[in-house]
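What follows is a single structure, written as structure tokens, with notes after it.
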Amino acid sequence: MNSKTWKIYLAGEIHTTWRDHLQLAASEANLPVEFSSPELDHDSSDNCGVTILGAEDNAFWKDRKGAGINAIRTKNLIADSDIVIIKFGEKYRQWNAAFDAGFAHALNIPLIVIHPPEYNHALKEIDAAANAVAETPEQVIEILKYIAG
Amino acid sequence: MNSKTWKIYLAGEIHTTWRDHLQLAASEANLPVEFSSPELDHDSSDNCGVTILGAEDNAFWKDRKGAGINAIRTKNLIADSDIVIIKFGEKYRQWNAAFDAGFAHALNIPLIVIHPPEYNHALKEIDAAANAVAETPEQVIEILKYIAG
Amino acid sequence: MNSKTWKIYLAGEIHTTWRDHLQLAASEANLPVEFSSPELDHDSSDNCGVTILGAEDNAFWKDRKGAGINAIRTKNLIADSDIVIIKFGEKYRQWNAAFDAGFAHALNIPLIVIHPPEYNHALKEIDAAANAVAETPEQVIEILKYIAG
Amino acid sequence: MNSKTWKIYLAGEIHTTWRDHLQLAASEANLPVEFSSPELDHDSSDNCGVTILGAEDNAFWKDRKGAGINAIRTKNLIADSDIVIIKFGEKYRQWNAAFDAGFAHALNIPLIVIHPPEYNHALKEIDAAANAVAETPEQVIEILKYIAG
Amino acid sequence: MNSKTWKIYLAGEIHTTWRDHLQLAASEANLPVEFSSPELDHDSSDNCGVTILGAEDNAFWKDRKGAGINAIRTKNLIADSDIVIIKFGEKYRQWNAAFDAGFAHALNIPLIVIHPPEYNHALKEIDAAANAVAETPEQVIEILKYIAG
Amino acid sequence: MNSKTWKIYLAGEIHTTWRDHLQLAASEANLPVEFSSPELDHDSSDNCGVTILGAEDNAFWKDRKGAGINAIRTKNLIADSDIVIIKFGEKYRQWNAAFDAGFAHALNIPLIVIHPPEYNHALKEIDAAANAVAETPEQVIEILKYIAG
Amino acid sequence: MNSKTWKIYLAGEIHTTWRDHLQLAASEANLPVEFSSPELDHDSSDNCGVTILGAEDNAFWKDRKGAGINAIRTKNLIADSDIVIIKFGEKYRQWNAAFDAGFAHALNIPLIVIHPPEYNHALKEIDAAANAVAETPEQVIEILKYIAG
Amino acid sequence: MNSKTWKIYLAGEIHTTWRDHLQLAASEANLPVEFSSPELDHDSSDNCGVTILGAEDNAFWKDRKGAGINAIRTKNLIADSDIVIIKFGEKYRQWNAAFDAGFAHALNIPLIVIHPPEYNHALKEIDAAANAVAETPEQVIEILKYIAG
């Protein structure tokens, strides 16, 4: 009987198509969910600051300008969410994914974490803060079907 | 003149049809209310964790997996609610119903409690935190008609 | 190096001496902890309302008067706490213990739950919300030594 | 004229002695600061769950038990803090350091981040959320002297 | 350019038609406002508790039952509001109007107070907490036209 | 075992000596309580604004200046409190007492109300929000002894 | 995939047409944004208090009456916003623009500041609190296209 | 009877000795107050960022580094305060003073503003948010004596 549309933020890994799989499956299952995400174009995300607000000699401040703009989006969308899903993948250090998880957790937003088992120990604090720890996006689809279907 | 649609979470007892009675009566009276609830299928609720995320040898961790997933739903829906109605029945220990009541109360959401008079003393702390203590779902329908009708 | 004095609320079961064991052990280990609790005298707790504010014919309102006064204490002490420890025992329905757990959890206060394994399934939602699930007060003492020692 | 004693949580890297340097310098400079930290003994931190609450066959649940207990400490101490300092070092994935940073940031606690310049790009979101980005603990001591001295 | 629909709670005096005047004027001016109010039928408001939940011998508990039910409505609608307007009139003690004003003020909801000048001194604390002090509902209509028109 | 010092704000009626009775009794019983109150000198309270900040021709603005200064005190002390006690007496309209009650209630601070039974109906909303309704300060002393003694 | 409509409050400078440029560009780019602003008619803003609520001899209280009414609008609209954009121009002291920036920042709403470079030093605290510092409204349009487009 | 020590943050103007006058008078009157303030050495405040964290070619980023460090102090001390006093003087643009006022106001901390009458109109929004508007520090001392004396 629940008429809620669930707002779900998809954090973490941006170089694979996991968000598309989730969205497709949710759409096929007619789930009442709305996904949001950070900027997914890596170059746009890295360069938005200097492209819009002017070049910087120093890479540190170039990053600062971009991160400030990106945070307008991510802080708003995470704070708006009913669930935050974070995927930790094989590449990159992904500290921003862990940062988003901590941010959402402090706001009392339930977390679902996706990662391969070899990261179990390294991610134990985040897993313990999460409501569910999945290994694959397919499992997350099942969770969403169960909760919102 | 109030145009509000009241969001109402129905906590507690899941093995009887009290929610259906409430919904039917609200629908017949055209009340501007939207009900939500925890998962009502007892087996699904118990098994969702291991069904979706993989089997567990230990019943304790099986329960943990399921409870984590169910809490994504219940925490969101309770926090979204304008009123939380909790029915304490004759069967089971129903600690989760009391837990939900405490959770909602800390969030300043008005409570309506339904229970037979023989539980008056055992439920006195929860009754004292509630805005109304009813003996039957029919009384709750009258409250909803009065508030939202 | 942490100089914090930990404020710990001991909820649940009041007819056994588990609080005394915890306090004695904490005192022997010189732990920087301050315990608080609800009123532990069962009769005083039940009768405080009518004793102080006047008799009631109706047991329901007698309980209401007492519960209101007791809640001044419990709500304040729980909200003040760094940790809430809840013991579920064999006797009584203990809905107020579960209510306190939900209340504290909504306030983001870490929970430690103590109960025998036979309640694992009935308490699965509360266990999932807790930071630790112990079977005995002795285990809780070890946790406090580890955290605050 | 400020009489405040500043509470400072030292997150991140636990296998080097950076916290000791900070404490020594603060003590020599008579700064009105109180430091706190997570459990610094790596083995204790990893094993506290099973040591206290009983063994687990599954490493995932062993980690869960430990992380739950550790979080009682870290969540309390971070939430109590006026400043959270996070050191990212060369070893390990340090996702919990980034998680703590996100958690503290959502609670509006100012962050100071310490990391070598080669992590500038990978940590740009956390740096942008921070009030200061230092390369060395010595710089942090200067900040504390300036603010609290 | 503001597209906001303003939610306005009309507290206080229920035995005159001031709310109707406000609504009519807002409707004629096509203002984007939605009004809400407490139960306006004095008898229903007084008797709802015992009518729905069963008679009480003691008038004090009869009032308690009714006040509990009415508070489900008033607490929700006040907390939902963008503006709370409180009219203090010539009749009755109107302590609940002042209570609503204090409640709304603590929730940071702007207050507009309506009262005749002879109450200026008696209402000075509430006037000082208000954003506007009017003598007539007509002035309040002008304020709403100015803000929301 | 509770070591808490209870902070108690005494609102309402300032022209009788009820606060002194409460303080004396608390002191004789060695209760760990600290009382606070609004300015109790009626003239100082009324005139503080113009005395300090300059005269006003208009009594309305004279009152505004004074109420602004008094609110610095009352808002701080109420927000600091563990319990707010409000005495409604026979004289004056006492809207500020009711306003303080609403303010404290929205901040989740338990209320104890003192008033003669003839005000039961007029104060039913405030009584329903309170944890205890007493007729005399002596009863309040008993409550404080029970809670904090 | 984000379906969010972004609510954006445009604070500061009201004597130029920068808001119109922003709105036109957003409309041409079909951005899912809703702008709001303070009252933009300088005379209405200055005189609303005395026009609606009656004349004042003293300019200070005339301003107080007007500011109270204007704050009903500005506090609501700022608190509702996802982003607050503040333009500091060449004329006037613009303390209210800086006040709005501080207010929004304390509510955790991301800020975008627009000002000419010659104010860099004078605005350094506000710039440091902002997510982006632009020199022109055109740059802000690019930010909005990037975030919400 | 109030035993509170009032924490008071002194914002605004740093190039005159008004804080010293306030402190001296408070000390002579034995007021239970603790003052805090931003860094009062103008050069230290401007240069702390580059002095501690390394030089910057660009003045904008030099200011950013310093403002970040200063905000660790100011945000903490303002949030800790019971009262924020802001002095607007004749020199400089003082946008940070107005920013601090808005920040404190959103945190519900009572404001006292000091400024010469010629700024009445330019500061009307901040004055309307304040509990008291003084022309001189001497008047503020009288307020503190009245409130805390």
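The first chain written gets the first letter, and so on, giving A, B, C, D, E, F, G and H; residue counts start at 1 in each chain.
Assume contacts are C-beta pairs under 8 Å (C-beta built on N, C-alpha and C of every residue); 3 or more make two chains touch, one makes a residue touch a chain.
The model shown is predicted, which means the values in this text are computed figures rather than measured ones.
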Query - Centroid comparison with subunit A (C-alpha atoms), farthest chain - result: F
Query - Farthest chain (mean CA position) relative to subunit E - result: D
Report task. Round to the nearest whole Å and give the separation of the Cα centres of subunit B and subunit H. Result -> 49
Report summary line: Cα centre of subunit C to Cα centre of subunit H, whole Å, reads 43
Requested in this report: Please work out the Cα centroid separation of subunit E and subunit G, and write it as a whole number of Å.
Outcome: 30
Query raised in the report: Between subunit A and subunit H, what is the separation of their C-alpha centroids in Å?
Result: 40
Report summary line: The positions of subunit D in contact with two or more other chains are 64, 68, 71, 108, 133
Report task. Going by the contact rule at the top, pick out the subunit G residues touching subunit F in the complex. Result -> 57-58, 61, 64
Report task. Please give the residue numbers of subunit H that touch subunit G in the complex, ascending. Result -> 59-60, 63-64, 66-68, 70-71, 74, 88, 92-107, 117, 119-129, 133
Requested in this report: Can you check the complex and tell me which residues of subunit D touch subunit C?
Outcome: 19, 23, 34-37, 39, 44, 48-49, 51-53, 65, 68-69, 71-73, 75-77, 79-80
Query raised in the report: Can you name the residues of subunit F that touch subunit C in the complex?
Result: 1-4, 6, 82-83, 108, 110, 112, 130-134, 139, 142-143, 146-147
